[in-house]
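What follows is chain A paired twice: with chain B in the first complex and chain C in the second.
Let's look at the complex of A and B:
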């Protein structure tokens, strides 16, 4: 057995422990909610959620070559989401497992795609075209929610194209940058960001921009180019600031939400109240009274977590995101081709920036822009896209293992050949 | 590939740092701003807490007990009515009449939000309501009581005393005062106006005390200011409208001119025309820039108190309005606390300290929960400009409009102000100043509304405050 395989086995044992802990967390939390509310549905979830997650992790690990540690971390965040959403509104909590299943399917699709596809150009061209069309759709036939025209309605289900395009963007930009087609990738990314800005979906525009910027740095290693990109972004933000009153009001509310406590600053003030009232250890699951915060189930779910679970736990949640980044980077560094390296780091980068943007907005570190908290916020598209991004990373990991196995086989054959 | 791996590592470090920044910022925000958040009117956590915890005691800087609580959790105040009234606004009340008084703004300590897990467990096994932490303030209640004996009866206004080296607030008084034991909560709107803390909530034009800032802007921006000369004719016109000096009344044809002036004499005699001219010369943007450095248009987010934000106007800036601003009028709005900080910054060589109110918070078991640490708000001007202004403010008290504030044997510096208010018979009388001595590093702001000239009405009040400070408040080395 090689050193690498020994190492893998050790990690897997550690990951299994983590997976058990995550299942236990889900079980205990739903039991607590059952005791508090006496609703039988929470009793069902207390058993179903950990069980399904446990099984999903094993299937992903065994049959699709996924990294169990990464799956466990994601499972933890998903369980937390289901618990908090159930706490806010049981109906939401019942819907979230369905999205989790859909997300897992998306993840599997992405793993298979990354593992199997050998000739990318055709797919890249299709995805580029598709992403521009998808982003243009809401402008033509979109629904306006919270001032952003970022939603479209298909068969009675509203969905946000930018969430799906996230996955395409990471794939396309990673491919092009790894083929040194820098200009083309920048033009494509700029077009996507422009379309998002036109939809007034500033949150998504911000995510796309920073992800591409980080990918450009990873690809070129050129600080000059990255800083130039940063300067261009700052200039665009400044122009946006001077042109659009709603951006100005966002910034003003960020600087001092207290000037309009019950008006435009209400959401920010309520978020801060949730954080401070929660204190270090939280008010306890089900004991908080902040679930009436606007958008508590989407953008503001982290405020509820801080309120009921406390700052220590909230810090732990952030550490889980950090671990996802670290694990993603490890996988990226082990990757066998430049494209796969880009893909893995790009995916976790997208998730990390998204986490930073929304939590930073809730705790008033940066102006608030509406994006969801990956894996935790309610919503199908958001869940599927986050799972797909993890799927890309897992696909890279699966390929790493495939190549490793091939190498080992080769080595074994060589060894045998040498012996005889 | 090797380079790519290195870059991936760097990107991962960057992203992790970004996420860890969230934790650091959240921690800092909660430790600095929790009082403001607990006191948000949308937050009912204090009200809930009051049902199970009785408030801790409040002491002044010399250890005099100002407020305590009985077994049922109700507030009790000390017996001397004069003293009770003198600190009523700064202490606030348990029913939220005064916004952001100590009783609510320091609820974090007073109502035991800082209880540790061990405290919570011991409290479970202790009979009666647990008591929150005690709070020791920087307030000198004897000074406040003394001030309340001679502040003009029936007048509305404010007195603020700061230690300009540390930012410690010795007095934050609002008039008319009230007695927390007998005050009427269900009165009419005008009766409830007594709850407004004029020291930090009253936004009014600062009048000529603003000339400190105009002068600072001129010293920084106007070329040849050292040899600048101005001939005052009692008024000046901008846009066909007149800015008049005090004493001039154009409708009756009465002219009161200051004659030939330098910047120093224009300051000490408080010549409106000269400062209007200076403001016009340097332009609105330069004056605004300096005013904003001094804290105008900023959102004050101090850790110990809530001070209303001062406003430098940005709309309707005609030449007349700009000229009028130079003399401290127009749509300028500020609080006595902020103007006291302005004087304090001059005294402290250009460094403006954040006003502090909490000296120490102590648990019932005697362990210190928090202790005051002086914090710089901003460096608002260079040391050189501060030194020049200090000289001007000294001259003002020696030979200018502020002679009534002089205390023999002490280096008193100051600036008077008489702010014109629409619909008011008399001007608001202002005086801001400080004692320029190591042993008595105190800044004072006195505002008496609808009284008359600052030199005549506010300066004598300030003199009594200065005298008390020099006799009773020598700083320990």
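Let's look at the complex of A and C:
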């Protein structure tokens, strides 16, 4: 048995407890919903979701070199998303496992790509072109939802191109910064952000901006450049604030949502009430009455979690996100090349900033911007892009492990030789 | 479906179960992370050169720079191999270790580069002991033993592919011009002078056969390499990254040959003619 096989076996054994807990959480939650509603769909999900997640984790770990810890944490969040969405609307809950499957396929594709591709330049050029085209598409033929013209409809399926471009942006900027093509990377990122601003998709623009800023800091270590980027961002935000009334309205609602509690501040007020109602331990799954919050399935899903599962559980959910980020940072530190390091840190940064922006908006820490909560909110593109970002991190980890295993095998040969 | 009282009790009770499960996931993951970090530190302590395939030696300064599997080399701090030699550009070249072939190196843009005395414009494959000139600085590539790189002796005579992409020492010639290949116990002349410890067969990061290549399988090696071989605490041989020279001081691989105060590196030990009949590998295994 090789070192790799031995280690895989040990890791899988160690992961059993974690995966069992995640599966148990899904099973108990769906069973409770079944007992409450008597719908056979929840009974099917109670068995299918934990089983599929358990098998997916093992397959990803065994055949694709994925990090089982990351997979388990992501599975926990995905289970939570399916449960809450089923609670809000059973039709959404039934659709979410399909998105999970699509996301897993995307994750596998990203792992394989990062592990196998050695000649990135061709792909980078294609991705850069494609991302600009994708971001320009909604401006030409997009659908406007909630004030942002960020969706396009292809073959009856509506999707948000900025979610796909997230993955491309991390890949392209990581590659360019690792090759020290700073100007090119900044120009490319600025073009993406400008197109998003034109779509009025400020949430995505904010994500892109902060991710690129973090990557520039990680790549250059230059505080001057980072502060200059930050100053440019502040200037852009000020111009946006003075030019666009809807941004002023968002900020005003953040400062005092009660001034228009039945109008523009309704969503924030309802969210705050839901969270307070939940208390420390929550009202219990299925007992909450706050599912009528506007956009509860997307932006405000965290308020529903706090309402039904309680503040302690919500804090644990945030800890799970933090653990994902910490794991990603560990993987980035262990990477053997600059590009892979950038890739891992860029991916987790994107997820971390997205999580911070939406949870911070919901709990009224910062002005609310419309982004989804990764792995939990409803939406196929959001789920696929989040899973792809995790796939990039997994790919880097798989490469790190390949290299380390090779080193260990070489050392073993050495030690065997020294012993004899 | 069920009575309201029962459901309320069940739902209320399960709130704590959910918190417990989420807490278990968080705590278990945290412990896993901690354990994993500990294990990784342990591996790195055991394999300080993990992730590396060898090193680049600058003969003029005696300094070595670790070489990872892929990345870029140049003057910039963001490069994977940072070189401070004269004429080395910000990003001078990109490299990628190709298992079974060697280190593929490509100049960045129109950067100038020489490999084994020849000007290079496209990608070339470097073997163990290949000489690389970036700017005016000369570097020697040294692979760690056990690496899946070609053993030049097996490709005898060394054939240059028609596309001219591959360069290396010509068969029958000194693989490295000058004396440093001999000095460092590498670069093709190792084992010809068995009295020098650097000529001991390969440990990780050391030793070469006649063509600067470490034996692929250490099991083929004789049991005892003699007392003059320098070992680190894990039985690996020098030169070894763990035994790197003191920063700021010239690298003296065999201090016993250069007592303090002796001029270095001008003083060159006199080579002893090779005696092919002698047992260069030291005494046989007593067993």
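Criterion: the second predicted complex is superposed on the first by the 394 of 420 C-alpha atoms of A that agree within 3 Å, B and C clash if a C-alpha of one lies under 4 Å from a C-alpha of the other, contacts with A are read in each partner's own complex, and residues count from 1 in each chain.
The working rule: a residue touches a chain if its C-beta (ideal position, glycine included) is under 8 Å from a C-beta of that chain, and two chains touch if they have at least 3 such contacts.
Bear in mind that the values here come from a model prediction, so they are computed numbers and not experimental data.
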Residue contacts on chain A - larger count, chain B or chain C: C
Contacts of A:38 with chain B and chain C, given as first, second, both or neither: second
Which of chain B and chain C A:326 touches, first, second, both or neither: both
Partner chain(s) touched by A:294 [first = chain B, second = chain C, both, neither]: neither
Touched partner set for A:403, first chain B, second chain C, both or neither: second
Touched partner set for A:221, first chain B, second chain C, both or neither: both
Chain B versus chain C as contact partner of A:129, first or second or both or neither: neither
Partner chain in contact with A:309 - chain B first, chain C second, else both or neither: second
First (chain B), second (chain C), both or neither touched by A:263: neither
Touching both chain B and chain C, residues of chain A: 219, 221, 281, 326, 338
Chain A partner contacts - residues on chain C that touch it in the complex: 1-2, 7-8, 10-12, 14-19, 21-26, 28-30, 32-33, 36-37, 40, 43, 46-47, 49-51, 68-72, 76-80, 90-91, 94, 96, 144-147, 203-204, 217-219, 221, 223, 231, 234-236
Touching residues on chain A, where the partner in the complex is chain C: 14, 17-18, 21-22, 24-25, 28-29, 32, 35-38, 69, 72-73, 76, 118, 177-180, 219-221, 281-282, 284-287, 309-310, 312-313, 316-317, 319-320, 323, 326-327, 330, 334, 336-338, 400, 403-404, 407-411, 413-420
Residue numbers on chain B that touch chain A, as the complex places them: 1, 3-12, 14-16, 18-23, 25-27, 29-30, 33-34, 36-38, 40-43, 45, 113, 117, 299, 301, 309
In the complex with chain B, residue positions of chain A that touch it: 214, 217-219, 221, 255-256, 258-259, 261-262, 266, 269-270, 272-273, 275-277, 279, 281, 306, 311, 314-315, 318, 321-322, 325-326, 328-329, 332-333, 338, 341, 345, 348-349, 352-353, 355-356, 359-360, 363-365
